[in-house]
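I am attaching a structure below and will ask some questions about it afterwards.
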C-alpha cells in the first residue's frame, strides 16, 4: 500500500525525520511518501500558523488522492484540517494526535501528553475533547521547546523533555506518555526505556492504523459529513479549487 | 468607531447585503467597513470551503488591524479562524454565531437555530459546544437552501425558511430563533413579525456587541492564548506572513 | 430608552454607586432608573439573603414594567430571581453575572472571576454552569471582603482585591478578569490599568447589552418558559400578587 | 422524632393530604407536624410562584427549628429554597424531588418522572442535573393537570395521569415512575398496582429518609456552604430576619 | 424484615464486624443475616479481586432470594455485581457506596471520600459517575491501609485515617466524609465526634435505606434492565446456574 | 506473534467462527490461538451472564500469559473483565467494542452500533461512555437476535440485521456501522457491499490493533492501575488464584 505522510510544517528536516520513523516500522510492502506543502509556515505553533498550514495542506491531500494513495497521515499534533481532508479523500485520513490517543488508551488506564509550546495547550485539549479522550488523560504538559529545535535535539533539550515526562508520571499519575509533536518521533523508544512506561509517538501509531484500515478494506465514508463537496467557484490564489 | 465587517465568502452580493443590515442599526458615529477576501470560495458550505476561507480571511484581519479598526466581525455562521484572528488583532474579533447565541440567551430560555445546508450541522453543533450554549439550544435545523440563493430570496425559499422556523418553535420548543447564515440578515424582522418570537440575526448582534466592547474600552487580551505570534518564515503564497 | 437598574441589596450606597457607573457609560438618550427593594437584606452573602431578596425584588420588576421601562438589570452577581423576573417582564431582564461572562468570552480565551465571600462560590459556579461558561473560566476566587466594605473602599481592601486578580492571572492562567460583585463596579478600569488585562464589570456590561437588545427590538420571548403566569390567589404579605 | 412536613403551597387541602400520607408510613414514634406558610401562592406552578413561596417558607423552617424538630421536609417537587433552609437548620432538610430520585434509583436502572404543568419541566430538569440523576431518567412528562385539581382527583384526571405513566414506561423505557407533585402522594400505590412497576412518591420517600438520618444521628453539616449565616439588617417586611 | 448483608470478601472478621454495625442501628423487627461467599478472595483490592468476588457473590444473592429475604446489601465499597444481583433478585439490592453517597448528599453541599488502597481510586470515581454524584464530591483520598488491617485497628492506622479525613475537610473543602470501606464501619461515630462533620458509613446507610424501601413496599423493577434472565446452559463450575 | 483470541462465551461454534475471521485478515506470521473458557454461560446476554463469564475468562488470560502470547483479545462486545485482564497481563488486552469504536471513528464522523438483545443496550452505552465515543455515536440499535442464532445465520435473521443497519444510516444519520457482537464477524463485508458504508467488525479490528501494538513494542503499562496484583489468599473454587 501507499501511505502519504504529510508534514504540514514546511520544514524539510522534520519531513525527513518522520519518513525514517515511518519506514522503520511499516510493513515490507508499505510505501511511505513523505511530503510537506509548498506553502505555509516553517513550523506550527499558534492558531495563525495552523490556519494557514491547514489551507496549504489540502493541496497535498488532493495530490495524493490523484495519485491513488491508500491513506493520508496528517503529521502535526493539532490534526489540522482533518475534516476538510476527509471530504476530499476516499482513502482514510489519520491525524497523529488521534492515533496516539487510541493506542495509548489500549495500554494504560490514563495517559499524559507532553508537548512543545505552552500556547498549543488549548489545541491539545480541544483534540482530547473532540476525540473523547479527555477523561483518560492526566494532563497536557508543555516543555516550551520550539518545534524547529527538535530537528537536531541537543542533550539539554532531551533532558527537559524527559523531565516533563517523568513529572507527568510521578506528579499527575500518567501510566503512559503521548509525545505531542511529530518532531519527537525518534525519541519514543529511548524515553520508554528510561522511564519504563509505554511512550507513544503518533507518527508510527498512525502508520500502523493506516495499514490496519487498509487490510480491512475500510475507507472514508462518503455518506454524510465527509461526502465529496459539490462544485463551486474559488477566486484568487485558490482558483485551482474551482470545481 | 470603525468596525470591519468581514464576509469570509467572496460573493460581493452578500457583502453588500450585510453592510446594509449593519448600517441600519449601528450608532451614528459607527463606520462600517464591509469587505470580503480577495481569495477563496464564493460561499462556505463544507469543511474544505471553510478551511480555505479561514486562511484567506486572515489577510483581511491584518489589513483592518493596520488601518486601526476598533473591531472585526467575522460574518459567517461557522465563526471561521476566530482564534487566529484574535492572535493577530488588538481590536476585539466577534463571530456572528457566538454573538447570536449570546443575545438569544438573554431573551429566551431555549432557542433554536435554523441554518442552510445539512452538512453545516456539525459545524453549528461544534460552535454551540465551544461557546457553551448547547444546553440552551432546542436543535439546529437545516433548510438545504444554498448560501448563494439567499442573495435574492424568492418567495418559495422564504416560505421554506419560515416553515423550518415554525417547526423549531412548535415541534422542538424553541422560544426564539437564531438565523444560521449571514445571508439571512435582512429577514429577521419579517420572520419575527410573522412568528411572534424573537428572531436573532448574528450580523446585527455582532455590531451591537462590538459597539458595547468599544464603549467599555475592552479589547482582546494579549496575555495568554491570544498573544501576538512571534516571528517565523512562511513560504510560497504565504510568504507575506513571514514575520 | 429607560433602563431599570435594580440593586437587590437594600443598601442605598451601592445603589448610588452603580447608578454612577451606569450613567458614565450609557448612551446619551438612555435614562438609568436605579432602585433597590423596600424590603430585604442590606447585603446578599448567603442563600438565605438571596432567597429573601429574590422575592422582594419581584415587586421592583413589576413596578418598572408598569412604568414601561425598556430593560431591567439585576445588579447582584448571583443573578437572583432571573427566571421569575422574565416571566413578569416583557422588557428584557439581564443579570450582571451573565452579562460579564458574555463580554469576557469575547476578549479572552479563558477568564477568571474574583468575588467577595467564600460562601458565594457555589452560587458563582452554579451560574457558570447555568449559562454554559464553566469551561471558559479558570476559577472563582473569593477575597472574603464583605459586600458593605465595598461602599467606601480602603487601600488595604483594594490591595487584597488586586492581589487576588493577579493570582487569577499568574497562577490560574486567567486572560481577563470578571469582577464578582456589583459593588466593585467603579474599580474595573483601575485594576485593568494595573494588571494589563481586560477587567469586566457586570453592571456596565449589562447596560450595554440592554441598549443592544433595545436597538435590535429584542424583548423577552413570551412563548414557553417565560410566558406571563396565569392568575391565582396569594395570601398574607404577598396578597398584592393575587392575579 | 418530630418531622416538620412543609407544604410550600398555601392550600390547606394539600397539606392535610400529605400529612395523611406521611402518617400512614412513618414509624410509631415519629410525629408529623404538617404546615404550610401563612404567606404566598395557593399553588406553585411557575418561577414567580416558586420565588415567593421560597421566601415565605423560610419562616416555617425557622419556626420548626426553634421548636426543635428533628427534620424538615420540603414537600413541593421543585425543592424550593433548599439551600437557604439548610443554612437555617441544624436538622436535616430533605426535598421530595431529591428523595424520590434516590429511592427510584435503588429499584430501577432508569426511571421516568410524571408531573403537572408543562412549564414546570425546566425546574424538574434543573433538579435532575443538580442532584446528578439526569442520566438515570428516561424523561419528564407533563400532564398539564393543575396542582389544585389534585386535591380531589376526578376519574378523568386520574386516567390522564395513568396514561402518561404508561407512556413513560412503554415509549420512553422507564422501569419505575417518580410522581412529580406532592399532591399525587395518595396515588402511588394504586398506579403501581395498575402498571406493575415501582411508583415513587417523594413525600413518603422523604419521611423514610428523614427517619434514616435521625437513626444514624446525621444532621446538616455546619462546616462550609450550610454554616449558619452571620447577622445583618433586614428591612421592611423581612425585618424579623435581622440578626 | 430480613436483610441479607453480604460481605463479598471472604474474611469472616469483617463479616462479623459489619453485622454488629448493622444490628446496632436496625429496627427491632429487622433481622440481619450477615454472610460472605464460600469462594473468592479474602479482601477486594484490585480489579482481579473484584471480578472474582462478583461471580462468587451471585451464589449468595440466589441463596438469600430463595430464602425470601426482603433486601440484599452488597457491603463492599466497589458495589460489585450490583446489576447482575438486581437481575436475580425481586428484593431490592443496595450497594454501600451508593447508599453512602445518597445520605451524604442530604446533609452536606459537598462530601469527600476516604478509602483504602490507591488502586481502588478509579473504582470509586467510576461509582461517583455511575450514580451521578461526581459533582458533589470534593475528591477521593486513599490511605493505603490494607483492608485486612481494618479488622483490628491499631492506633497508628486510626490516626492515619483521621488525618486523611481532616485533609479532605481542610484542603479539599469536604463538608461531610464518606468512609470508603465496609471495614471502617465501626469508626464513623468516633471520627465524626473528633472532626465535627457528618461521617457516613455505607453499611448502616444501606440498612436504613433497605428498611425504607421495605416500609414503602418498593422492590426491584422487573420491567426492563433488571428483568429475570431467561434460561440457558452454563458449563463447568458454573453448571448450577443452568436455567 | 501469538494472539490469544478469547470468546468469553462457552459456545465452541462462535469460537471457531471468529478464529476464521481473524485468520483471514492477520499477517502471515501471526498465530491465532482461539479459546473459550471451560466454565460459564453458553452466551452472554445479561449482567448475570457477563459477571460469571468475566471471572471464568481470567483463567484463560492467565493461561495465555503463561504461554507467552503477545496479545489477548476479548471477543465479546461488552469487553468483560478488561481491567482485571490488564492487571494480569503484560501483553496488551484489547476488547472488540473498544477496537471497533476506534477504527469506526477514523472513517466516519458519526457511527451507529447494531447489536443483539435489547437488554445489552445499557452495556453498549456504558462502553461508549467509558471509552469516550458517545458523542460520535448516532445510537445503538438492538435486533433482538439471540447470540446463538448467529452461529448459522438464516436468511430472515440476516435481513433483520441489514434492515436495522439501514435504519441506523437513514434514520439516525450513521455514516458507518459497528457490529455489536463477535458472532456477526463474518457478515461485515457483505453488509458493507449492500449498504455502501464502512461496516466494522470488532474481532478483525482488534486483531489489527494487536498487531499494531506488537510492531511498536507497546505492552500494558505496569505503572499504576494495571500493576500486577500483590499476593493474597483465595478460597473455594478460586483457590488456584492464591498468590
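Order of writing sets the labels: A, B, C, D, E and F. Residues in every chain begin at 1.
Quick note on the criterion: a residue touches a chain if its C-beta (ideal position, glycine included) is under 8 Å from a C-beta of that chain, and two chains touch if they have at least 3 such contacts.
The chain list, named the UniProt way, goes like this: A, B, C, D, E, F = Hydantoin racemase.
Keep in mind that this is a model prediction, so the values were computed, not measured.
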Which chain lies the greatest distance away from chain C (Hydantoin racemase) when centres are computed from Cα atoms alone? F
Averaged over CA atoms, how far is the centre of chain D (Hydantoin racemase) from the centre of chain F (Hydantoin racemase)? Could you give it in whole Å? 45
Counting in whole Å, what is the centre-to-centre distance of chain B (Hydantoin racemase) and chain C (Hydantoin racemase), each centre being its mean C-alpha position? 28
Chain centre separation in whole Å, for chain F (Hydantoin racemase) relative to chain C (Hydantoin racemase) (CA means): 53
Within chain F (Hydantoin racemase), the set of residues that touch 2 or more other chains is 83, 86, 109, 122, 224-225
Category of the chain touch graph - line, ring, star, complete, other: ring
Ring order from chain E (Hydantoin racemase) through chain F (Hydantoin racemase) is E, F, A, B, C, D
Spell out the part of chain A (Hydantoin racemase) that touches chain F (Hydantoin racemase) in their complex, as residue ranges. 25, 27, 83, 86, 92, 94, 98, 102-103, 105-110, 131-136, 169, 173, 175-176, 189, 196-198, 200, 204-205, 208-209, 211-213, 215-221, 223-226
Touch list for chain E (Hydantoin racemase) against partner chain F (Hydantoin racemase), complex: 10, 37-43, 45-52, 54-56, 58, 81, 83-84, 86-88, 119, 122, 224-225, 227, 229, 232-238, 241
